[in-house]
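Two complexes, one shared chain (chain A), two partners (chain B, chain C).
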Partner chain A sequence: MSDTYERLVQLLVKNFGFDTDEVAREDTFSKLELDSLALVELTLAVQQEFKIKLTDDDLDANDTMEQAVKVIESKPVVA
Partner chain B sequence: MARAAVVCGLGTHLPSRVVGNDHLARELDTSDEWIRSRTGIGQRHLADPGQATSDLAVEAGQRALKSASSGAGQDGADAVVLATTTPDHPCPATAPLVASRLGLGTVPAFDVAAVCTGFLYGLAAGAGLIATGTADSVLVVGAETYSSILDPADRSTRAIFGDGAGAVVLRAGEPDEPGALGPMVLGSDGTGSELIQVPSGGSRDPFRAENADRADPFFRMTGRQVFRNAVERMAEAVTEAAARAGWRPEGVDVLVAHQANVRIIQAVADQLGLPRERFPVHLDRVGNTSAASIPLALADAVTAGALRPGHKTALAAFGGGLTWGAVTMTWPQVAPA
Partner chain C sequence: MPGAAPFDAAITGIGMVTAAGIGTDTAWETIVTAEGTAASPVPALDGTPSAIGCWIPGYDPIQAIGRRRAWRFDRSSQFAITAAAEAVGDSGLDPSTWDGTRVAVVLGSGIGGAASWEKQHHVLLDDGPTSVSPLLIPMLAVNMSAGYVAMEHGARGPNLVTATACASGTTAIGTARELLRQGVCDVVITGGTEACLIPSIVAGFSQMGALTGRQDDPSAASRPFDADRDGFVPAEGAAVLVLERAADARARGARVYAHISGYGASADAHHATAPEPSGAGAELALRAALEDAALAPDTVDHVNAHGTSTPLNDAAESQLIRRVLGERPAVTSVKGVVGHSLGAAGAIEAAVTALTLDRQLVPPTANLDSQDPRIELDVVAKEARAATVEAAVSNSFGFGGQNAVLVFTRA
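Up next, the complex of A and B:
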């Protein structure tokens, strides 16, 4: 069982002040009220946490957390 | 041994008119909360009508020369480099006028155009003049009146940018003394030139009677892509500049980053794995002053006691072009005048 979802939640907790139980797998980023700049910040934090490279469009405001987990897990780890 | 360029004077000037977020909210669809949460900016200083970039540059230059004279006994300067996005005129450069008004006579003087990275490009140009023996001392000024190129109806740019000027004096010295600029890291990527741009008024789209109805004379910026580029390029540049200086990135005591947006500064800190407290923040009081932001933030950090002699210091910037850069130095015994 991968821990990608839990690590993603922790990034939201650390960077945007969420409580762990405020975030659900089916929540979209827009429902979580992450604006476009926040998505860029999250993209940078995800890259650092998972050692992957994301494009500007990989994390979309309309994506759910579950979809974001799939995107993250589809990326090869870079050094 | 090559001659190093050593920082020996620091001076700044802000126009007296202060415009708070609430003032902007009365004219535009925005609010203090909106601006603060997205940028960290609370107010900015704006030039009065008739006040041009050279007026601000002369004030900051005078103070930097005074700081160098009283602190290091360095009188005058052999050259003037002015970094600006907003010259007094499209032609000629503003630096010769600044040099004359400072009483520096017929010294070499030229402008550097690298938008928000301009001050670091200006430092590199000044260091080059010293390394080649062209000058023994150089006044490097970053001065901007962005209020002259902002669209009055554009809430995103008006919330961010402010006017101001800052300057340092460089003198010839030894590479291992405090204030000596380390190896500079500079870069550019013209494929992103449209991300930060004044579309009209240059040779691509000159002002003419026939395009008067569609010409865009104002500064435009695509925030989201700029944000990401700024964070990644500045973090990379600092890492490289530190490595070239023989430092580990975590050994940097104070990192003065271009004051564009507090969220960019925090993201750079996170990318580098450095505590955010090592990144002085000045933009809350002055906004983004483009080429003037680094010397203004340096002076503010010295005055606040956050930047002290002996601190391992890095400067980093990112701006239109796209351009970016970083440099290291051990902060010298220099106080703003």
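Up next, the complex of A and C:
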């Protein structure tokens, strides 16, 4: 069982001031009130945390956390 | 407007975030005890040649602004938001019911979000441009503090940040009063903010020789008008006032701390950083402010001086005060306590001057152990002085030769 979801939640806790229990797998970024600037910020944090490369479009405001986990896990780890 | 009746802007709310305290009452209590608040090393400056500063360790942006939002703002905007919230609350005005189109915001800031810029510059060098935060620009841009304060309170009137270096806060308040006088708004949220106790900025001031060398004795380092002063102590902080036309404040029964009754501004047109030695440029601003307030120079009871604790400023400013206002005013500089917060300084000093008029108590200048004999002024030292203060002046002078002076009268 991967820990991608938990690590993604921890990014929201560490960088965006969330409490762990404020985030659920079915929540969209829009519901979490992350605007476009925050999503770019999150994209940067995800790249650093998971050592992957994302495009600007990989995380969408209408994506759920669960969908984001799938996107992250689909990307190859870069050195 | 020569010949026009003096225009009084009523100060109906005050908010402060300073090394002397967060919140107006706490800050005032520390300021009247004249204890220096400088520390060394400031953590962000540790390991640099000049690590002394008046920083605000007790400021918790998460507690002040909220954990879900605090990360979006540079520290300078955080301070402004906190001070503005206190000032608006203190005024008794209700942003949920006011006509926001008639509420302006005018803040001063010398440098803006320098800490965010410096941090992201490291990211740029270490990880490349595609790792730079998308929030860098709204964190860095000097106008953003006023924009964010407007968003907090639905203030949709004129909105700007003035940048006149160390006079920025005073310029902002003077400009805010003009907006009220012109009738383009009914309420102005005004003041100044600064948060740049960071290695690059402090090194810049250090390299120009402006800072104190007293790294090992921080609480005694800022000593305006003292014979042994050797430079300023950099500081961070913010202060915000709520201004309304005096008649409006009276009509709604608001508590009024003091009136701002005059404003004057000028330029030395002389040198990047040194004050014009004769003080002629600063004198233009001071005389303009007095004329605006229709006050004779010999009726000024109190001067809240720029008083940076640099050899050059305090010598030139004291000659100016003596020449224009004479021996009468009780002079003080709060920079002995709170250091020099650059673009916030004039706003913090305006807040303190308003409280001085309200409480009829002149705060003392910290660390004034041996007054420079060339400074022939009545500088209040050691203990606060109860005094009748009907009219007061607050001076601010910025690098670039920018001078701004406010005149305050008792409400």
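By our rule, the second predicted complex is superposed on the first by the 79 of 79 C-alpha atoms of A that agree within 3 Å, B and C clash if a C-alpha of one lies under 4 Å from a C-alpha of the other, contacts with A are read in each partner's own complex, and residues count from 1 in each chain.
Note that a contact is a pair of C-beta atoms (placed from the backbone, for glycine too) under 8 Å apart; a residue touches a chain by one contact, two chains touch by 3 or more.
Since we're looking at a predicted model, the values are computed, not measured.
Enquirer: Given the alignment on chain A, is it a clash or a fit between chain B and chain C?
Expert: clash
Enquirer: Touch check for A:52: first (chain B), second (chain C), both, or neither?
Expert: A:52: touches no partner chain.
Enquirer: So, does A:33 touch the first partner chain B, the second partner chain C, both, or neither?
Expert: second
Enquirer: Once chain A of both complexes is superposed, is A:11 in touch with chain B (first), chain C (second), both, or neither?
Expert: In the superposition, A:11 touches no partner, neither chain B nor chain C.
Enquirer: Could you say whether A:71 touches chain B, chain C, both of them, or neither, answering first, second, both or neither?
Expert: neither
Enquirer: Figure out whether A:61 sits in contact with chain B (first) or chain C (second), or with both, or with neither.
Expert: Neither partner.
Enquirer: Considering only the listed stretches 2-10, 38-46 or 164-172 of chain B, which one runs into chain C in the superposition?
Expert: 38-46
Enquirer: List the residues of chain A that touch chain B in one complex and chain C in the other.
Expert: On chain A, the overlap between the chain B and chain C contacts is residues 15, 37, 40-41, 44, 48.
Enquirer: Give the list of chain C residues in touch with chain A in this complex.
Expert: 62, 66-72, 131, 133-135, 138
Enquirer: Considering the complex alone, what residue numbers of chain A touch chain C?
Expert: Listed in rising order, the residues of chain A that touch chain C are 15-19, 33, 37-38, 40-41, 44, 47-48.
Enquirer: Okay, in this complex, where on chain B does chain A touch?
Expert: 38, 223-225, 227-228, 231-232, 263, 267, 270-271
Enquirer: Within the complex, which stretch of chain A touches chain B?
Expert: Residues of chain A touching chain B: 15, 35-37, 40-41, 43-45, 48, 56.
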